[in-house]
Every structure is written in structure tokens, then in C-alpha cells.
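Listed below are the structures to be examined.
One chain, subunit A, appears in both complexes that follow, with subunit B as partner in the first and subunit C in the second.
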Partner chain A sequence: MAADPGARILREGRIVIVGASLAGLRAAETLRAEGFAGELTLIGDEPYEPYDRPPLSKSVLLGMASPIHTELPHRREIAARWRLGVPAAGLDLAAGRVRLADGDEVEYDRLLIATGVRARPWPNEEEARLDGVCVLRTRDDAADLYRRLKAGPGRVFVIGGGFAGSEIASACRGMGLPVTVAERAGAPLVGALGGVVAAVAADLQLENGVDLRTHVTVTGLEGDAAGRVRAVHLSDESTVEADVVVVSLGSLRNTEWLTGSGLGAGPRGIACDAGCRAFDVRGIVTDDVFVAGDVARSPHPLFGYQFLSLEHWGNAVAQAETAAHNMVCASADRRPHLWMPAFWSSMFGVSIKSVGVPPMGDQVMVTQGSLAERRFVAVYGHQGRIVAAVSFDNTRWLEFYARQIERGAPFPVEFPTMDRRPEGRRPVPAAFPDPSLPTHGATVTLTGYSPADRQLVFHPARP
Partner chain B sequence: MTEASLVSRITDFASRADPYPLYEELRRTPVLHEGGDGPYVISSYYDIKALFHDPRISSDTITLAAAGRDPLDEQEETGGLPLSFLRTDPPQHDRLRRIANSGFGPPHRPRRIDGLRGVMAETVTGLIDGFGDARRIDLVDRFAHPFPVTVICRLLGVPREDEPEFRTWVDPLVASLDPGTRQSADDAFLKSLHQSRTALGAYLAGLAEQRTAQPQDDLLSDLVRRDGPDGSMAMMEVLSTAVLLLIAGHETTVNLITNGMLTLLRHPDVLERLRREPELSVNLVEELLRYEPPVQIVSQRTCIADVEVRGVTIPKGSRIWLMVAAGNRDPERFKDPERFDPDREDIQHLGFGSGIHSCFGAPMARLETQIALTELARRMENPRLVEDPPPYRPNAVLRGPRHLEVAFDGLR
Partner chain C sequence: MRLVVDLNKCQGYAQCAFLAPDVFAMHGEESLVYDPHPEEQQRERVARAVAACPVQAITADGLRGAPGSAPRSALGVPDGR
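Let's look at the complex of A and B:
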């Protein structure tokens, strides 16, 4: 039998990881843990060692943690060559070469792309340059925003009521600062959690003294003579004076450096197969280019094989580990990335957690607790199956719902649970602004526990 | 005569010193039901973990009573107090536990437990100094038993001068938890038990009233505060919470420390390492909670719906036993599970349970045991077991030695 290339790569290959954040670091560690003895290079555009981002919008803004001390703990020695502070600028697929912005080139036998996302900037460049207009993605952003909040601005204006925007608003209230949140939809978090649960988030903001403006967009930012932002103009023709404006309009995927490379990369990320191998523009899967983390789009068997982009901390870790394994193992030993989507947030003293894919749900029911008390578990259903669950201050139950999603358990939830209230007996429309279209196909059940022995069991769809 | 059932062999006192071979046998039938209204016994790690997080599994005493008699005959000494959060379901459970936690840990009292470090170290030092010139001691009576009560007194806010009297009420209550003591209890014991309970209740009520008027930096003051989002506990709830912390935090900690020293004496190389590397104590206690958990069986559970586990349907209303000590040595989860190995990576045990009822006092028990074992290892010269196995208490749930005779050459 011919030797599998995996064995040679493992022994003496050259591996390059572009992106030195959570996914990049965890992949590097996994490679070494798998016995990779070759040359490892990590390329990162920021001049810092990999650091953790979730604290940047929470404890860092409250001054409880320093933005320069959120480095990620290393699980093991990775003996890598670090190229920090230099972004990758191009990729030559045929030659197996990454070009850096400083003109350097690094050759690889296996490449992992984990370039992640960046904050979407304010579209009007002139307004975006005003002093006091910020974004929050990096630790430099966090240090800058913290400094501005600490200075005690008259008002902070947050554009966008997603998770990041809501967390920033929460930090502002925690520091006693007046804050306005503008959200184009009817409530904060509505895109991620749907209207029913988002109404609770809206109440939470109002009760905590946030000046919440919904169904509005920001039409312009106004500066003073010194170039400092002083006011925000809204589509309802109102004006709000503010000294700090945080643009929290989601993210852009860092794929521009791959333009023209022949890889299937674009504004929606880089498409890859369940084994984390990138597709090229022809839709043919590559053998030596892998993707992990926020920049990846991969098909998920539990959710109709839709390509999911998951900007989740846990996904970055799990996908990096799977990608790294698959980069150096024999082809027969490759594993699929079958991570259960999950994320958490905390705002206004409430801990929010989600498993599955809430926006896939067209109906929702509260199976434990109550929306009015803001302590509950809401379960989302789609085509007779549970596809997601979201908890407010009820985190410990979500593991159960994750298993229900894996098993393709039926929706509506018929069985009794502790603390089931009358309001939770019947499903209601989940009220997402743009409901997902139904898909038809086989249902898939995940079985097994350790990543090594997860198997897919196919149950043909009933006619 | 047919062979005795596996459940009765596990609860049989003869297997107390080493139930682990029976747990291994048990895991061959991960969902065991030996008929009638007997419990459904769950013994694999992942199944136990899943059921701890299952909202169809109730811990409510009233639901439980409907499930019929429990062969373990565990009984909670409520003494007329309302049910503690250990024995209730959400939402009552959540409210009580939240209020209790507001006086115990983050976010409201992040330094409460760490603040007890000094008391713990001082108490441990005093108890070890108290061994004096002895060259052989019973570690249970001389060390593991007295230690946790002092810590709980400081936590609650019982003044030092009241502690000796406080102990005279607590000791019979703790003793009454043991099925052996209960079976042999005579009228005199029952009378003293009743008196202790009444006296303890009256004492705590008085202390709580005092703390309502003049709050101090202690847990009791936080339990009676009235400004939290959940309001305050009713006086009877304060008392039942205080008694719960006393009882649940006592015997389990005694057993954890005693099991710990027993395990170390059986692994002298690890004992020696702990003496030289006190920082080993953190992982060591975690591995101990896996290897010899002080609560072996979580038996106070019923299901309020049919629940399927590994293809077996457990009918609604059934009693369920979660065999955490068996799950902790499940080879499906742990490599080389029968080996005590503080260097083990990824120690995630069921020793403190999981889910909403996971051990409330866990951070305190961890710190107490870390300090106790580190100091015993550091100060006792050449300690060795006098008797192996030591004599055990009858209790199959809160399993631990009744005595642990340790011989040593002196104190350092």
C-alpha cells in the first residue's frame, strides 16, 4: 500500500496557519499534540500573541480586567515561528505559498486559514474618522473604548442592538453612563433570537435605563470644528448628542487577501467541507488548504446540511481541533466537524446562552420558567423538530436541549418539565425578521460522545 | 434461594469498604431495574451527566414520596422546617439557592470563601498541634470531624464563644443521618435529638434576628437582607437553609478528608509528592472527588415523564438512583479509571454532582480539603495506616470510614 501523505506531513511537513487568534492557536496546539514534528508558522496581522475576545466587551469595559491581559492560556508548547504584525496578502495555490504584506513568502504543505472577521466600519469614511467614533473587535479597540468611557462622556451612542452592541450598552450602564442604542429592527437581538425573546431583551434594556430607539437607522454622524463627534442623526429625524459613538454593525470576513487566488472565498467567508477542507472556486475540495473559525462556512448535517458560518468561541476551538487533526492524519482517519452551535453572552446581570440555530426556528415555546420573570428556557422548532434553545439565567439546562437537538427530538415539546408554566404549553411564531425557508431531506441523528467516535446515523425522511 | 440483587449487595454493609467491583458489575447493565417499585439505577458517566441536566427529573421530596419506599431509607431531618433547596424543584429551588448564593459567592460575595482561608489554616494547625505526643491517632475523631464545624460556624457567623455549645446540638443531628445510628436509636437518643434540634433552631433564630437588626460580614446577615432582587428568605427558610449547610457541609467534608488521607496512605508516593509540592493539592482533590467521592449515590430523584436512557424507558413516576461513584470510574469516559492519578488530564468528575443541584458548598469543600491534606502531609512524620481497610460507617450514600487509625513518628 502506498504511504499516506499524512504520515510524511506529520514527520517533516511544513504547516502554515494564517490567523493568530483563538482558532489559530488551538489548531497549532492540536497539531503538536497529534505528533506533528515539522515546521510550523503562525501569521497574524495584530502585533500581539493570541488573546481572548469575549472579555473585551464585558469585564474590560468595566475596568475589571485589563485589555492587555486577556492572553489565551497555552495548552502546550507549540514551537512555532511567529510572524506577528504582518498580515497575509496573497495565496498561490499551485505553488503552495503564502505572500505576506512585507513581501515575504512562506511555503506550505498544509495551510490553515483562520483569519476570522473584523468589525464592520461606519460606511461614511469621513464620519468614521471623527474622534469618538469607535468599533470594538480588537484589544486596541477595547483599550481605546475603555479610556473614552472612563473619561465620563455625556452620552454614548451605540449603533446596532446585536450582542456586542447590547453588551457595550450594559457596560455603559454599569459605569453609570447615559447610553442610547439604535436598532433598525423592532428590538435588540431580534436577528439572533427572534421577536419573542428579543422583547425580553428590550425590556431589560429599558429597565436598566438604556435609551432604546427601535425601527430607526442612523443617517449621519456630525462632528464639531475640532473633528470630534458631537451628534447622531436618525431616520426619524431626531438628533441625539453624544461624545462617543460605537459602531456595532456586525462583522466583515477577512477574505480580501484571497481575491484571485482561486479559493472559494468571498464576503460570506470561505466554504469548506465537513472535514474543514476549503473549496476552490470551481466547487472542488482542496486537499491541502483547511479553514477554521469565524471565517469558515461549513455544512452541518443537523441543520439540513446548510453551510453555517458561526462566529462562536466554542466553534473556533472545535473546528480548529478538527481541522488540525485532519491536516496530519491518514485520509481514512479524518473526522467531520459536527459541533453543536452554542454561544453565551451576559448583559445587565443576565446570563444568556444559546444552543443550536435559533434563526432556523419558525416557532418558539417557553418550556421552563417565564418570559415575564426573565428566567426561562425557550425552545425553537422547525418542521416538527427542535432546532435550538435559548436560556436567560437558566444555563444549566441547555445541555439537555443540546442532546434533544442532536436526536432530532420532536417539536412542539409535549413532555412535562419542572417549572413549565401555562404560557409555555403552546408554540408561537418565533418572529424572526427574515424566517429561514423550509428544507426537505433526510434527518440525521448524532450518536457517540467523544469526537473520535461520533457517527452519523441516517434516518430516511418519512414520505 | 435466588442470588441477592445487585442493589441489595451494594447497600449491604459487607461491601462498604470496597464497593467498586460491584459498581463495575453494575455498569454492565447501565440502566438496571430489579423489578417492582425498586429504583432505576444509572451507572455510566454520560447517562448520569445527562440526567443531572434533564428538566424531567425532579428532586422534590413530595414527588419522591409518591414513588414508594426507598430501600436506602434516607431521611431528611427537617424537624418541622420547610424543605431546603436541596429537596425542591424550580422555581422554589432557584429562588432559595439564589438568595443563599448571594451571601456565599460571586458575584455578590466573591471573597467570602477565600476569606475563610485563615480560619481554615488556623483550625487545621490547632488540631494537628493537638495530636501532642501521641504516636497514633484516630484521624476522624481528632481531625476530620471537628474541622468543618468550625469553618461553618465562621461562615454563618456563630460567635467563637458559642461554638462549643453549638457543637453539642450539631453532633446528634449529624449522627442521626447514619442509618446505623437510627436503627439502634433508643428513646434517650431520640429525646436528645429532639432537644438538640429545638435548641439549634432557637439559637439560629435568635442569631438571625440579631443579624436582621445589626448586619455583620457573614452569611446569616446576607440571608436575612431585604434589599436583594429576590427579597429575603422567611425566617423558617433561613433556618432550613442554615441547617442544610450545616448538615450537608459536614459529613461530606469529613468523608472527603478521611477518604483523602486513606487514599494518600495507600499511595505513599503521592503523599510524599504532596509534602514536597503543596500546589499538587488542587488536582489531587479533584482526582479524589472522582476516585473516592464522599457522596456515592444520588438517590433523591424521580422522573415526571417517561424518560428513555440507552433504549430503556423509565416510566413516569419512577425512582432513579444516579450512581456517581460508578460513573466516576466509567472506562467509557476515563482512561485507566481504577487508578488514582492526580496528574490525570481533564478531570471532570461527578463528585459534586452537576446541573442546578450541583454541590452548593463545593468551593468551600475544595479549599478545606486542599488545606487539610497538604498540612497533614507536611506535618506528620512517616504516617502509616494501622488497619486496612479501616472500619466503615454503615451509610452507603455518604460513604466513609468511621475511624481511621494512623500511626506516625512525630510532628514536624
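Let's look at the complex of A and C:
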């Protein structure tokens, strides 16, 4: 019997990780923890060692952390060759080779792709170049935005009421800055949480002094003679003067460098199987290319094996660990990635957390607390099962609901709960917007049932 | 030193904010904000916060040898979930 290639890889293989952020780092650590003794190369487009991104829109904007000091602690020594500040530019699957933007090439026996996402830029390039038009994804973005906010602008305008946009608005109010949020849908966070819960997020913004404009799109950004942004034009024909405009329209997956490689990569991410192995364009799984983090879309057994794209911190960690394990183990020892989707946000002093896949829910019931008090758990149901739960300042119960989702507990919720109010006795429609016109608020994207599914087409708004 | 908090695990018990108030702070009832890059003189306090976290959500590097150094699980070794 031939030896499993896993043993040779473990001893003397060459592993390349493209993407040097959270998923890339945790994968590298796991490889070494599994006993990988070969050559390890990490490639990252930013010139910085792996840093944490969630603080950039929270602690950093609150002035509690420096934007240039959120580097991630290492769990162990990884003894890697770092290629930072140079993006990967191409992949030759047949030769097992990654091409870098500087022309260099790196050969691999196993490849992990963890290139993540980037901020969706403002589509009008000329307007996007105006001084004062910002995005927030990288530490350079955060340093720039923080400097502009500290300078005391007359008004900040946030385009997009997703989690990032809402967190930025919260930070602005914390600094006492006037801020306007424009959201295409009827409320902030509606793409991620549905209309019932999003209405609470809208109240939270209004009560904290945010000038919230819903059912509007931004039609143009106007600059002054010096090339600084000065006003924002809206689809309701109103104009808002602002010195800082933050474009918070979600993210784009970093897959362009794989175009023509033969890998199943596109705007929805890179399709992989439950073991994190990438599919090629024919829908056949590869043996040596793995995917983890925000750029992956993988089938989840808890949610009907639908392919999910998760822009979640915890998913990046868990998927990187599973991918790394599977890259170097014997094929019989591979593990599936069965992570329960979970994320957190924090805005206006309220902790918002989620487990499961809220956008899959068509009904919602508030099983604990009350929407009016902004302290509650809302449970989402689909086809008679619990598929998600969202809490506002009620984190301690979520673990329980995660277990209910895992066991496919029935919906409407039958078990008695602490602090159940009359409003929580009956499910109501969860009121998600039409998924074919996704808002940027969703952090889980349901991307269909096949590696090549193209049933959803995203049309960005054209100003 | 560097630290990161797994805020999926964090339930806002605020033990860390009590033990290392210059590093961790509550923002509202349950939201934790923290400095991922505290100064060296905070090392001992951070080590206590890491050890005291009821849900073991804090990962910090360079704590080895510090008084009150965290158990292995608090150093971010996966707990099998």
C-alpha cells in the first residue's frame, strides 16, 4: 500500500498561504502545531504582519487603541518565510506555483487561499478620489479616518447602514460629531437582521442623534475647487454638506488574481467542500488547494448544505484551523468544517450578537426581553426549524440557542423561556429585503447549492 | 504586548475591566472595548485578567513567566469546539 501523501507533506512539504491576516496566521500556527516541519511561506498584499480588524471600527475610533497597533498575538512560533507588501498575481494549478505581483514565483505542494475581502470602493472613480472620501477596512484606512474625525469635521456622512457603517456612526456620535447615515433599505442592518430587528437599530441611531436617511441612495459626491469633498447628493433630491464621507457598502472578495487559473473563483468567493478543499471550474474538488476565511464559500450541513459565504471573525479562525489540519493529515483523518456561524457588533453601547443564519429565516419571534427595551433575544425560523438567534444586550443566552439550531429544534419555539413577554408568543414575518438585491449589511451570504451556482446576481447601484 | 479577545465568547462579565481597567473597558452594559497593544507595565494586570475571564476569551502573547500566568487554554489553544 502506498504511503499517504500527508505524511510526506508533514515532514518535508512546501506549503504556501496566500493572505496574511487572521485566517492565514491561525492556519500557519495550526500547521506547526500539527507537526508540519516543511517550508512555510506567507504572502500578504499589505506590508504589515497580521493584525486584527474588528478593533479598527470600535476601540480605535473610540480612541482606546492605536490603528497601527492591533497586531494579532501569535499562539506559537511559526518559522515562516514572509512575503509582505506584495500581492499574489496568479496561480498555475498544473505546475503548483503562485506568481507574485513583483514577478517572483513560489512553488507549493499544498496551497491555502485566505485572501479575504476588501472594501467596496465608491463606484465613481473621480468622486472616490476627492479628499475626505474614505473607506474602512485596513489599518491605513483606520489611521486616515481617525485623523479626519479628530480634526473635528462639520459633518460626517456614512454611505450604507450595515454593521461597519453603523459602528462608524456610533463612534462619530461618541466624539460628538454630527453624522448622517444613508441606507438604501428601510432601516440599518436590515440585510443582516431583517426588518423587525432592524427597526430597533434604527431607533437606536435616531435616539443617539444620528441623522438617519432610509430608502435613499447617494447619487453623487460634490467636491470644491481644491478637490475636497463638500456635499453629498441623494436620490430624494436633497443635499447634505459633509467634510468626511465614509463609503461603507460592504466588501468585494479578493479573487481577481485567480481569473483564468481554472479554480472555481468569482465575485461570490471560492467554492470549497466541507473539508476546505477548493473546487475547480468543472466543479471537481482539488487535492492540494484549500480555502479559508472571508473568501471561502462552503456547504453547511446545518443549513441544507447550502454554500455560505461568512464574513465572520470566528469563521476565519475555525476554518483556518480545519483547513490547516486537512492539508497535512492522512485523508482518513480529515475533518469537516462545521462551525456554527456567529458574529458580534457593538454600537451606541449596545452589544449585538448573532448565531446561525438570520437571513435564512422567514419568521422571527422575540423569545426573551422586549424590542422596546432593546434587550432581547430574537429567534429566526425557516421551514419549521430554528435557524438563527440574535441578541441585543443578552449575550448569555445565545449558547443555548446555538444548541437548539444544531439539533434542528422546532420553530415556532415551544420551550418556555425566561422573561417571555406577550409580544413573543407568536412569530411574525422577519422582513428581510429581496435577496436578489442584497444590501451590504449581510455578513452571511446564501450562495446556492452548487459550486457553480449563479442564481444571485449583484447589481451595484450606479450613481 | 499583544492581545485579542474572542468577542463571540465574551459575555460581558467585566472581570477584565475590573482587573486591568487601563486595558479593558465596558462600553454600555455588555460591550467590551480593549487596547490590543497595552504597555509593558500592564503585563501583570493583563495576565490576571486572562486568568480570571470566566469564558476564557482573552488571548495574549508574552505572558509566560508573568505572575498569575494563564493556563494553557487561555492562551488561545482551541478548546475542541
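Throughout what follows, the second predicted complex is superposed on the first by the 434 of 463 C-alpha atoms of A that agree within 3 Å, B and C clash if a C-alpha of one lies under 4 Å from a C-alpha of the other, contacts with A are read in each partner's own complex, and residues count from 1 in each chain.
One rule holds for everything that comes next: a residue touches a chain if its C-beta (ideal position, glycine included) is under 8 Å from a C-beta of that chain, and two chains touch if they have at least 3 such contacts.
None of the values given here were measured: they were computed from a predicted structure.
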item	value
Which superposed partner A:P73 touches (first subunit B, second subunit C, both, neither)	second
First, second, both or neither for A:R403, with subunit B first and subunit C second	first
A:S21 touches, of subunit B and subunit C: first, second, both or neither?	neither
Which superposed partner A:P54 touches (first subunit B, second subunit C, both, neither)	second
Most subunit A residues touched (candidates subunit B, subunit C)	C
Partner chain(s) touched by A:T115 [first = subunit B, second = subunit C, both, neither]	neither
Which of subunit B and subunit C A:D419 touches, first, second, both or neither	first
Contacts of A:Q368 with subunit B and subunit C, given as first, second, both or neither	first
Subunit C-contacting residues of subunit A that also contact subunit B	349, 375, 396
Of subunit A, residues touching subunit B in the complex	349, 367-369, 373, 375, 377, 396-400, 403, 415-419, 449
Interface residues, subunit A side, partner subunit C - complex	52, 54-55, 58-59, 62, 64-66, 69-75, 313-314, 317, 321, 342-344, 346, 348-351, 353, 375, 393-396
Complex contacts: residues of subunit B adjacent to subunit A	46, 49-50, 53-56, 58, 89-91, 94, 107, 304-306, 332-333, 355-356, 358
Touch list for subunit C against partner subunit A, complex	1-4, 6-8, 10-12, 25, 27-37, 59-62, 75-78
